[in-house]
Structures are given as structure tokens and as C-alpha cells.
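Please go over the structures that come below.
There are two complexes below, and they share subunit A, which is joined by subunit B in the first and by subunit C in the second.
Moving on to the complex of A and B:
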């Protein structure tokens, strides 16, 4: 239920991922550049806000630690944005420390469009709406800015172990 | 918290009681639940229903609200329609075991996107697959209840005639609710006298029974993931802007 509209179709020829620091500096990667970065293969459990979990899923992607290396920032918040217009907010710390990836492969196959391909954010320690499908970039922010579902009443942080589904949980 | 975000009260679990159940199909029932402190809702929203076993194990599922608030003997009631999920943890209990007057925990209303506001003026296209009809029916009922004159079209895909939820009411409303058109797609077995063969929903169905993009309709698509993917892709292919197509997918879709 976490896809709110039609599935966007994104060509790898025009795909890009952009990290924009709070001072306006942008760091860009094309598909080829992303694939040339060191790759990791996290095996993780994922938890959806609609009461299902999937254990031991295998992904391949680039760690946000790798992508944020060399980005000069003092920001505490991040707003991920996607092809198709979706947004979701996270504390920047939650994208660091080997806990977040830009993932392009699931179970050994290219990530299908309906599951967020060509690439999605993968932040398995938070509810899965934080793992933005069709991710296009991350804006670093000094102030927290709620994303699409957070504006519609979902929890700002979304810790599945504390069942933070909706605001006030 | 950023400025501009409205402060919200926590959405609390509260105890609801079963007032009445209606059999809709062999596998779907509508439960009328009395909720003393119900704050009201918009058509398209859902609730979470939570069961607690004697050993403390809890299971919760989301169910769409089927229509406006109704008056019960002891206060406001909401109606949810539950489709039996084979081997499910919650729906078989709600359909087979849960008895009149018994408590169940619910929280809501939930969902702030897949909603229709009666003050909207754009034509509305509803496309439902199976139990995906439920939030769309809430919109159809709210349209009549609020006196909205917005033209509605419903395209409803079911496996067989026996699987049509709200069948009698839809027939009546298609006759009496001025400006509501209802069309069906049968995927396995069509009723007698039906022209055409059973088939999965396709471009011709959506094109024939939908509004053209020029009319700038608001479109709501609800059903199993594969159904919603198919219909949403067809709508975009026909020229509907993505932002005018709201979807709700059932099942694990992360």
C-alpha cells in the first residue's frame, strides 16, 4: 500500500543520483558511475508498516557511507526524493554507519520497477516507507522536513521495534 | 519537527464492538462496529484492527472503511468489509469466530492520500479489483450522502458473478444515483447473457469505461498489486498524468 500512484519508468541512460548539501553543493552519479563504486551485498530483514515483514532478503548496492564520503555537510536531516515525486525524511545519522544503501539488485536480479527499480533507498532498520523506491537523490537539511507519508500522518522516525507507525506512537 | 507540520493527536487504539454482520459474498462479510469515540473519517480511509490471543500474541491488519458513519443502538458505527484470506491470521477469525457484542481493538481513521473529498469537482474514475471495491464503495456512498453531483464511473473487476461485493446495492445505485455509471470485467466466469469472454482487465476496458484525460478526472485504483500495476500503467499510457492517478495496493508491496 505504500506506492501511492503509477510506477515510474526510469531509463538507465538518464538515471542519476544527486546528493545536495545544505549549502547548495551537488554531488552527482550516473548509472555507470554508481556501478563503478564499491558494491555491498547486505542480507537484511525488512518491515512494512502494514504489518508484514520479510526476513533474510539479499540486496546489492552502494553504501550511503561511500556516497556521503567527501560530502561536506553539517546537516542533521535528510530528505530523500524519488522519480515520480515521492519524498521521505530521515535523520542523516540513520544513513551512516553501514545501515543504508542505494540498492539496485534484489535476490540476484535487477530491481524491478514495481519494487523501486532501477534503484531504491534501503534503510532496513526503519519501516520500509523510509526506503524510498525509485530514489533520485537526497537533500541534506539543517531542519527536519516531513516527507509524503509523514505529512499524511505517518511517524516522523518509523522505528519498527517501537512500532512507530503513526504520529504519536 | 519542521514548522508548518500540523500537530496531531496520537491515533489511539480503542475498543469497538460488533453490532451486526452482513454476508456480502461466500468469502466477504461486512462488520458493523460500534466505536463510541469515533472522530469521523473521509471516504477511502482505513482502520487497523488488532486481535490479542490469550497468551498475549497480537496480530493487526488494515481494513478499508466501507461507507459513512452509521447510527447504532449505542452510538456511532463504522462498517468494514473483510475478505477472507486463506491461512490468514485475522480475517478467518473476524468472519468465522468473532461474535456480536464482542470487543475488538481498532485505531483510525488512517491514510491521508487515497481519499476523495466531496467538495472536489473533477469527474471521478474508480477502478477496483476484487475486495479493492471497498474504499471505492465508500466514495460512491459518500457521493450520494453529501449530494455531490460529480460524475462517477466505476469499473469493477471480479472473478465470477458470485464474487461481486455490494452487487444489489450497485445495481440499485446505478439506477438511482444520477451520474453514476457501473461496468464490470469478469476474469473467470461471466454471467449468463454477458457479451464477450471472461478476460483480465485491459486497455479496451479502461478506455471504454473511463473518462478521457481531457476531462482531467481524478482516478482511484485499488486491488491486488498486479491488478493495480496493470491498470495504473494503462492509465498513464492513455495520457492521464501520474499525479491524478491515486493507487492503493493490497498485499506486500514494499
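Moving on to the complex of A and C:
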């Protein structure tokens, strides 16, 4: 597992997920509210930038399509942010279309803190540094804003099939 | 509560030796976030990541990030206000006779 710092321990009592639209409007979910939303169980392949892949992983979580439904936005970009301060940027279109989830269960068990629990972003069609551990929210943006690794040499988009590891790849 | 699974800053010596001509393990750095000044060897280095991340031992703010591609390296020191590097004592030049 890869981690940029100490593992945050987030209580489910205080956990929340926030989508902030570019006009400042915030949409918030508590843990109970997240669990009350329709749940999906994607089985996906994941690809780490450090040259490993894991095939057929099973998760449970809430689709970003569900969370973004009802969010009024004209933004084209998203910046995911995490408990602990990590950030990563993605085009908003990549969070839509059944390709991204806020995942809380891995292989039938609650997601462990060292793997990003209570909940992490799951965007398996991009390199796994885009699947932010300990996700706390998403800010919708009209301009692309590079995140933690994207400001330090890593690729802005991170398509594993094109091996977009570093800037210019 | 946090889990501490880091290495000490001495491990930065090899990776930084590629970039710097001086021994960085003996350098001092000041944290931009909390102002603590200490040796680079005292930083907490998280190496299990796409790059190296060195955090302040006092406030855990990121002081240094080093990403190494096969043909390039990126060094981000925005979390470090200054680096103080020991230098050989400057020889006094003889004055005019």
C-alpha cells in the first residue's frame, strides 16, 4: 500500500463527505446518510503507478453519479481532498458514467484505515494515486488545479493504458 | 491518533546526493509551517509512496517531496523556508602589501 503520510483515524461519528460546487454551494453526507444511498458492488482491476496491478478486486460503495445527481454545476474539473491533507485532480467527466465510487468496503470487509478507510475514492480506470484514500470531499472547479503528486512531477491525467506516469508521458 | 510508519531523514542522503554536491544529511532546514529548525536527518520520510515525502517531525507538514522518473527528477521544497548547509571555512585572502 502507498501512503504519503501518517494514517488518519477518522471516527464514523464525525466523518463527512462534501461536494462543493464552483459557486460555493456545499452538499454534505454523514456516514449514515452515505450508507442510506443506493450501494453498488463494482468488481474492477486496479493499477498502481509503481508497476503493479490487481485484477478482479471487489468493492462496495456509492457511485459518484448518485452523489453528483442534484449538484448544479458547470465545472469541468474536480479536486478530491482527504483527511490528512492529500489532494488529487481529475476531469469531472471521469467521475461520471459509472466509473467512480466512494468506496467503504473491500473484499467484503470494512475498508481498513491503512487502505484508506473509512472511505476512499475508487476511480479504477486511472492510476491508483487518483483514488484518494481517506476521501473527505470533492471541490468542483472551472479551472484544472493539480493535486499533491501532480504538482511534483506526476501526470495530470494518469491513464494506465497509456502509461501516463510523469509529466510529458 | 496516527500510525507512524516512516523512516528517518538519513535515508534522503542517497536520493539527494544525485541532485546536490554537498552532504544533505548534515544540512539544517526550517519548516515553513511551524518554524521548527532541525537537521534534515531528523525528518520523517514516507517512502512507500509514488515519491519520497519528508515531513516535519514537529508538525508533520510536508517539507520536501522528491519524485524520480527514469530520466528526470522533481524536487519540491515549498515546505522548507531555508536549507543551511555546512561549508568549508573560507580562507582569508592575503591583503595588498
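Keep this in mind: the second predicted complex is superposed on the first by the 167 of 169 C-alpha atoms of A that agree within 3 Å, B and C clash if a C-alpha of one lies under 4 Å from a C-alpha of the other, contacts with A are read in each partner's own complex, and residues count from 1 in each chain.
Rule of thumb we're sticking to: a contact is a pair of C-beta atoms (placed from the backbone, for glycine too) under 8 Å apart; a residue touches a chain by one contact, two chains touch by 3 or more.
All values derive from a computational prediction rather than experimental measurement.
When the shared chain is aligned, subunit B and subunit C each come close enough to touch A:6. Within the superposed three-chain model, A:59 lies out of touch with both subunit B and subunit C [touch as defined at top].
In the superposition on chain A, contact of A:153 is made with both subunit B and subunit C. With both structures placed on the common chain, the touch criterion links A:143 to subunit B but leaves subunit C unconnected. In the superposition on chain A, contact of A:114 is made with both subunit B and subunit C. Of the two partner chains, subunit B is the only one that A:131 touches; subunit C does not reach it. In the superposed model, more residues of subunit A are touched by B than by the other of subunit B and subunit C. Of the two partner chains placed by the overlay, neither subunit B nor subunit C lies in contact with A:101. Legend: residue contacts after superposition of the two complexes on their common chain; A:17 is shown touching neither subunit B nor subunit C. In the superposed model, A:46 lies in contact with subunit B only, and not with subunit C. Touching of subunit A by both subunit B and subunit C, each in its own complex, is seen for residues 1-8, 50, 85, 114, 149, 151-153, 166.
Residue ranges of subunit A in contact with subunit C, taken from their complex: 1-9, 49-50, 85, 113-114, 129, 149, 151-154, 165-166. On the side of subunit C, the complex with subunit A involves touching residues 1-6, 46, 48-51, 53, 55, 60, 62, 65, 67, 69, 72-74, 76.
Interface residues of subunit B facing subunit A in the complex, by the touch rule stated above, are 1-3, 5, 8-11, 48, 59-62, 107, 110-114, 225, 229, 232-233, 235-236, 242-243, 245-250, 252-254.
Subunit A contributes residues 1-8, 46, 48, 50-52, 54, 84-85, 114-115, 128, 131, 143-146, 148-149, 151-153, 156, 166-169 to its touches with subunit B in the complex.
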